[in-house]
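Here the chain labels run A, B, C and D in written order, and each chain numbers its own residues starting at 1.
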Amino acid sequence: MIWLLRPPLELLQPQAVLAVGALCVLAAGASRRVGLGLIKAMAGASVLAALLMLMTTPFWAASPPLLSSDILGWAFQGLFLCAALPLLYLMKPADEIPPALVLASVLGMGLIAVSGNLLMLFIGLEMMSLPAYLLVARSRSPQALEGAVKYFFAGSAAGAIFLMGMALHFAATGALSLEPSTDPLGIAGAFLMIATALFKLGAVPLHFWLPDVYEASDPELTAFFSTGLKAAAVLFLTRLAPLAPPWAMAWAAALTILFGALVALRQKNLQRLLAYSSISHAGFMLLAVAAWMAQGRSPRASLAVFFYLAAYLFMSTGTFLWLKTEGVSEREEMRGLGKARPLSAAALAVLLLSLAGIPPTAGFAAKFLVFWEAFKAGLYVPLILAGLGALVSLGYYLGLIRDMYFEEGTKPLASAPHPARAVVLACAIASILLGLMPWL
Amino acid sequence: MSAHWLTMLWALPAVGGLAALAGGRHSRWVALLVSAGTLIYSFSFPGGAVISSSPTGPFGISYSLACDGLSLSLCWLTAFLTLICVIASWKKDFTPGYWAAFLFLEAALLGVFLARDLLLFFVFWEAVLIPMFFIIGLWGMEGRRKAAMKFFLFTFFGSIFLLIGSIALVTYHHAATGIWTWDMAVLKGPSGRAGLAVFAAMAIGFAVKIPLVPLHTWLPDAHTEAPAAGSVMLAGVLLKMGIYGFVRILWPVFPQLTWQLLPWLGLAASINVIYGALCAMAQNDLKRLIAYSSVAHLGFCLLGILSRTPEGLLGGSIQMINHGLTTGTLFLLVGFLYDRGHRRGLGDYGELFRRAPWMTFFFGFTMLASIGLPGLNGFVGEFMSLLGMARALPIFALLGVVGVTLAAAYSLPAYQAVFWDAPGKGSVSHLVTDLDAREMALLSVMAGLMLLLGLYPGPLLRVMQPFLLGLVP
Amino acid sequence: MNPLVWSASATLFLFGLAALILRRELLAMFLGLELMVLAAVLALGETAARLGDSEGFVAVLLILAIAAAEAVVGLTLILRVHWSGRPPETEALRELKG
Amino acid sequence: MIQIPLAVYLLFLAPLTALAFGFFILRPWKPEWTHIPILISCVVVTISTAFLAAFVYSGHGLDGTLFRWMMAGDWSIVFGVRVDGIGVAVLSMVSLVGALIHFYAAGYMKGDPGFSRFFLFFHLFYLAMIGLLVSNNYVQFYLFWELVGACSYFLIAHWLHKPTARRAALQAFMTNRVGDFGLMLAVLLILARYHNTRFAMLYTIAPGMAPELLALSGFLFFWAAAAKSAQFPLYFWLPDAMEGPTPVSALMHAATMVTAGIFLLVRSWPLIGSVPGLPNFIAAVGAATAIGAALLACTQKDLKRILAYSTVSHLGLMAFALGLGQVAAALFHLVVHGFFKAALFLCAGNVAHGSGKPTVSVDEAGGLKRSLPLTYACFAIAAMSLAGVWPLAGFYSKDAILDAACERGPWAMAAGLAIAMGGALYISRMLFLTFFGPRAEQKPGEHVHEAPLIMILPVALIVVGAFSVGWLGRHFTHLLLSGWPETVPLPVLPELSAKVSGMGLAAMGCGVAISYVLTMRLPSFDWDWRRRHPGLEAAFACDLGWRKVVAWFAAVVVRGADRIGRVFDHEVLDAAIEKSADACQKLSQTGSSLATGSLSDSLWWLMTGAAALLAWAGLR
């Protein structure tokens, strides 16, 4: 047990390490003498240290005033840190700022994980979002700036709505804690805060920023967004769970799944297609959270939520990094890859099948658990709609595989082996192993 | 017979598939060895019920396989047809992926027939789609891409209902008995409206595979566009998964509900028989005709299974095996014809009896078996199924016999158009040469089996009997 | 729950919202944004004063700090748009769509 | 278990070994020798049949099982053998006539390209017919019944290059298939109720059977017999089946296959007999078919088509006899008919073979008495036997039926006499036109030579049978008695009363006289009425409109199938899937157009989303 902080605050130890790491990175960068490689290594080291710290802190310790933590929060922190690793490993920053921003963003997510009351939640939210806007701005794609501006305005508007909700909640209950209040003002406040959570998650009516941001940023950054930020949004939602009505969430989830899958059918740009597919997956996560809430926050249902995110972490990271390694951005360029680059095409095929939820893969196990919890929670009609959404999403996942294998393509033979290819293969294999988990 | 014996049965082709992938030029020899080995290995199992299950994992899910008479005979059929497909597509220079896909397909199919855990069954059930999708899509005919997509999406639509049905079944079972279990033998379905809903959901999943008429439109495209060996496996085994699902899962889990639904399901099966025959009469593409005839034959299987009488159940089960052999041979022959003339239309050939007498003989022989000439294997299955249905609901037996009569109405004109009638304007019958030694050996083995099963089906019936007789109410 | 202050805060919030949605220039939208934040802060402060609860005041202070950080990020982005030669309006930023 | 004599096994093993030997060894190596093992197996079968006839004649019956065919739980269908009076009577005729026709075919088909294929199918048919006659339960009976139909399909279409032969074969098989629908359904219903369809069991349970099941299965048996034995509704395939080679027509469409239907009715007589209205119905249909076919036979030109219609007429006569309750008389006529009709067909074959053309029309042949003396002699005897001239076999069998008809009543007697006269009319017309003095319009073949010995000898032997079988009446009834259940009385062949025989001979006499006058005295009559009444000729050509009805029905089925198969299946069901896919694409189009890319729109959506949630909160 490494003691950095006095007992009640050891919950914050992973965040403390991240903060120190960020400062060191900035300092090293400012001194101009330290190479970028070393800076990235420092950032990576601090993430790993945070992971170590996380493993060793007894999350069940007494929770100080502003903080509270449970198994879900603890597990999600692990997810955030794992999501940051591939980004730090693969990003080619112009200077020391982006690694620091990544650390700051992960710090924000950590704060959400351990927050006990609304204020800490808001701080974590903003700490997570602000670096994200800048990271998008620093991406290499031509529309990076446009994406960043859209992301900033939408994110800040959501923050403002959250604040209004917090104010109403404070007026109703007199405290910033997370207990649900019954009088109308409190409920209105709760719903505004839920709206912010849905916005961060990308639920349908509030999702319009997501495709633009995912298309604007580099593939590895999108991977971080789709796994890290989405997990944080889910956790944010679970923190607000006592205030939310499960049925509304379930219907929003079904709508999100169907809409995301449908719009993705005709997308030409691959990152935008995967953005809409991540919206569809956000729908499934929302359905899982709704089922979890409907069953009175039973631990088993939370396993479904966590497992879905863990599986999605591998699938999404693998797919986005595949885009980076193969340098493919338009759907036409996918034609004929099956013959041109057999190994990487096979890896992507496995990842796509996992995203679609075809049995031997982790995607199926995740969807299966969500379906099971949703059925136990009695959300029958949203379940059927989710099934149809999965069918429609299979349309474009299979479409990509068809383009790769059944069409004759123009892509040249395998380009130079890219370091990330190993990560993609690891993700593909992981998504098979996770799928067979119930029987291993 | 501990678990790993059965695991090895489906794992052998899976590992063989990986070896074939890496095999490069020798991958077809690897495929031959592995499929022959699996066939021999599958014969080493005694006919009796072999139950082998590992400790139940989380949420009642367990890795349990079992192999009784019905599963064993279907495993024999799968292994045998895979070996036949490997030999049949020997000459054509396929990439290693082709052989690997067939071995993976065989592994998944064996898994389906061996699984006793409902979730394990579902995983194998969907795993079958992936190799088949690539077989149709990569090595199929002109319209293969659309057919492969339609095949995968259509079956996936069915499987979603199957998944939701299974989950509902397990949850209701837990509500009734308080224990989480996914073991098919233990599960009992709820009664009343909930039971009906769960039954309907799972039945839709199986009906897409059988295929029952309104859900059958994927079948003609998939069969026509698949390569010859692909059609053999598709018609030979994949269609039987639906019927197997009904017998293995729905009958034991909903014993009294299936009896109440007998009139509706019987009507659906009879429509299948008549509709399939009428559609077959209207086709002028040989493969589409055989595909629609499969729809009719599977209707007979279902009629037999539905009757819940000993002869009906056994009739339906042996019809599955017989249909696998007969239609498999028909597709092989059409495949050999397509290799020579690169056409499938009825008008494209003519007077083949002059240039290819042996092909004429074998096609005639198999066609007689498929229209149910007594003495050949088609008759045994159809007769016992209709007999079972005659004991349960005679009106559907009447419709079944009308289907038997119509069977000749679409097979004979097609046979005559291709092999006897004078060739039309754009015919390619001058390209057709007679069968070579390999094809002759293959077809004579199949013909011999058809004759044997037609005249002396006793041993196979005795193997299938134990499980099926338990289903008689 | 002082009705006067709450109505002021509500109107401020709605003005901010209107500015954010209707105006085309990015700066005007940013001002609307800040207006919405301040409306929330006003409501929060009034309740804290009414209840005499110190937690509310701590919240107000922290929120103001965060709003400042937001302003930094927002303005740098708007400046970058301006430096990139495009007028800082939403119409200039329409390439990402579909 | 009764010890089954070797002869029974030989019945099956001899043909099987001959077929196997022929197919696997001779066909690929030396096809022209295929007939040798087959002829040997014919001889073996005939000898073992003779042995079985003696065995049954000496009072023994036999009903044993060989092996279990299909089984389910405690129930099973067996492969068995039943050798009793009825079976052996018909079996002896079938095996003898069949063997002789095999020898004839060896000569007739020599040099034909499909020689080995012909002989293999010919002998498989022979095996199937024998199996049918000795099977002991309905399912096994159904097996051989279908096998006979399938062999007839391949034999009728033996000359594959002839489109008419192919069409006739398909028509024959489909009509038989429609008939088999009845047999299969009846067998299924009986099997479902009684779990056993052995003939022996049938005699015991027939009385106790439920009336509606009894009536239904009885009618379905008759429906199957109508298709196989060419009775009124389903007879039209037989005249077209003449497209096949003559031995096929002789064996199949005269002696054996067509009699299978009557044999089925006799086999299941305890069941059909006890249905109240059925025998009269069968008698009526039989009489109608007989008279109609006789009328049509008089107007046909082609030799073999005349004989085909004559067969339909005689089968009608047998059904008529059955309807009157005269099972023994029907069987006796079946045996006798087998002999003289086979002889007539083989003579027609010799005429065709001699003149080098596949089929001979009455117009072309004429005055062949001088050039084909032997064929003329055989043809004349067989024709007179058919007509019912006194010492010949035909007289005895037809007279037995006439006797029963007279007892039944005036209508039956009138029908019997009409059939007798019609029969005499068309057969003597054929005799006079073909063999007597060439008439003006006829163009006799350049030079018609007599058939070789191998083709004349079998005809002669069969004619001897046609000549003498009539005298074996007494022995025939004694043969039938063994194996027939005591419970059901088998009416014995009636003694021939002088009055009835006189009336029969008179009817035959005036029939011959009429045809003599119309053909010899008015030589141009046969052509004049065709030229003067083309409409009448057309009516006769399409069997008084019945062929049009059948053609219309077939067209309805095919068009219905086409509408379902092509239109409904493709346009409706398939289109449903395609439309749902297009709907997804359109929805996706509208969805992606929502994202206009402008920041204010997305913020607007953000606010509406939040407002919607607020509204939901207000609602609750």
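Note that contacts are C-beta pairs under 8 Å (C-beta built on N, C-alpha and C of every residue); 3 or more make two chains touch, one makes a residue touch a chain.
It should be emphasised that the depicted structure is a prediction, and the values quoted were computed from it without experimental measurement.
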Joint neighbours of chain D and chain A, given as chain labels: B, C
Centre-most chain, if every chain is reduced to its averaged C-alpha atoms: B
Label of the chain whose CA centroid is most distant from the centroid of chain A: D
A-B or C-D, whichever has more C-beta pairs in contact: A-B
Length of the line joining the C-alpha centres of chain A and chain B, rounded to whole Å: 43
Chain C and chain D, separation of their C-alpha mean positions in angstrom: 97
Chain A and chain C, separation of their C-alpha mean positions in angstrom: 26
Chain B-chain C separation of Cα centroids, rounded to whole Å: 65
Contacts with two or more other chains, residues of chain C listed in rising order: 20, 29, 93, 95-98
Contacts with two or more other chains, residues of chain A listed in rising order: 149-150, 153, 157, 161, 211-212, 267, 395
Overlap residues in chain D, where contacts from two or more other chains coincide: 592, 595, 597, 599, 603, 607
Interchain contacts, given as pairs of chains that touch: A-B, A-C, A-D, B-D, C-D
Chain B-touching residues of chain D, taken from the complex the two chains share: 67-75, 139, 142-143, 146-147, 150, 153-154, 157, 160-161, 163, 166, 170, 173-174, 177-178, 180-181, 184-185, 188-189, 191-192, 557-558, 560-562, 564-566, 569, 573-574, 577
Chain D partner contacts - residues on chain C that touch it in the complex: 17, 20-22, 24, 29, 90-91, 93-98
Contacting residues of chain A [partner chain B, same complex]: 353, 358-360, 364, 368, 371-372, 375-376, 383-384, 387-388, 390-391, 394-395, 398-399, 402, 405-407, 438-439
Chain D-facing residues of chain B, complex: 150, 154, 214, 216-217, 275, 277-283, 292, 309-311, 313-315, 351, 353, 364, 368, 373-375, 379-380, 383-384, 386-387, 390-391, 394, 397-398, 401-402, 404-405, 408-410, 412-413, 416, 420-422, 455-458, 461-462, 465, 469, 472
Contact footprint of chain D on chain A as seen in their complex: 149-150, 153-154, 157-158, 161, 184, 187-188, 190-192, 194-195, 198-199, 203, 205-206, 208-209, 211-212, 245, 248, 259, 262-267, 392, 395
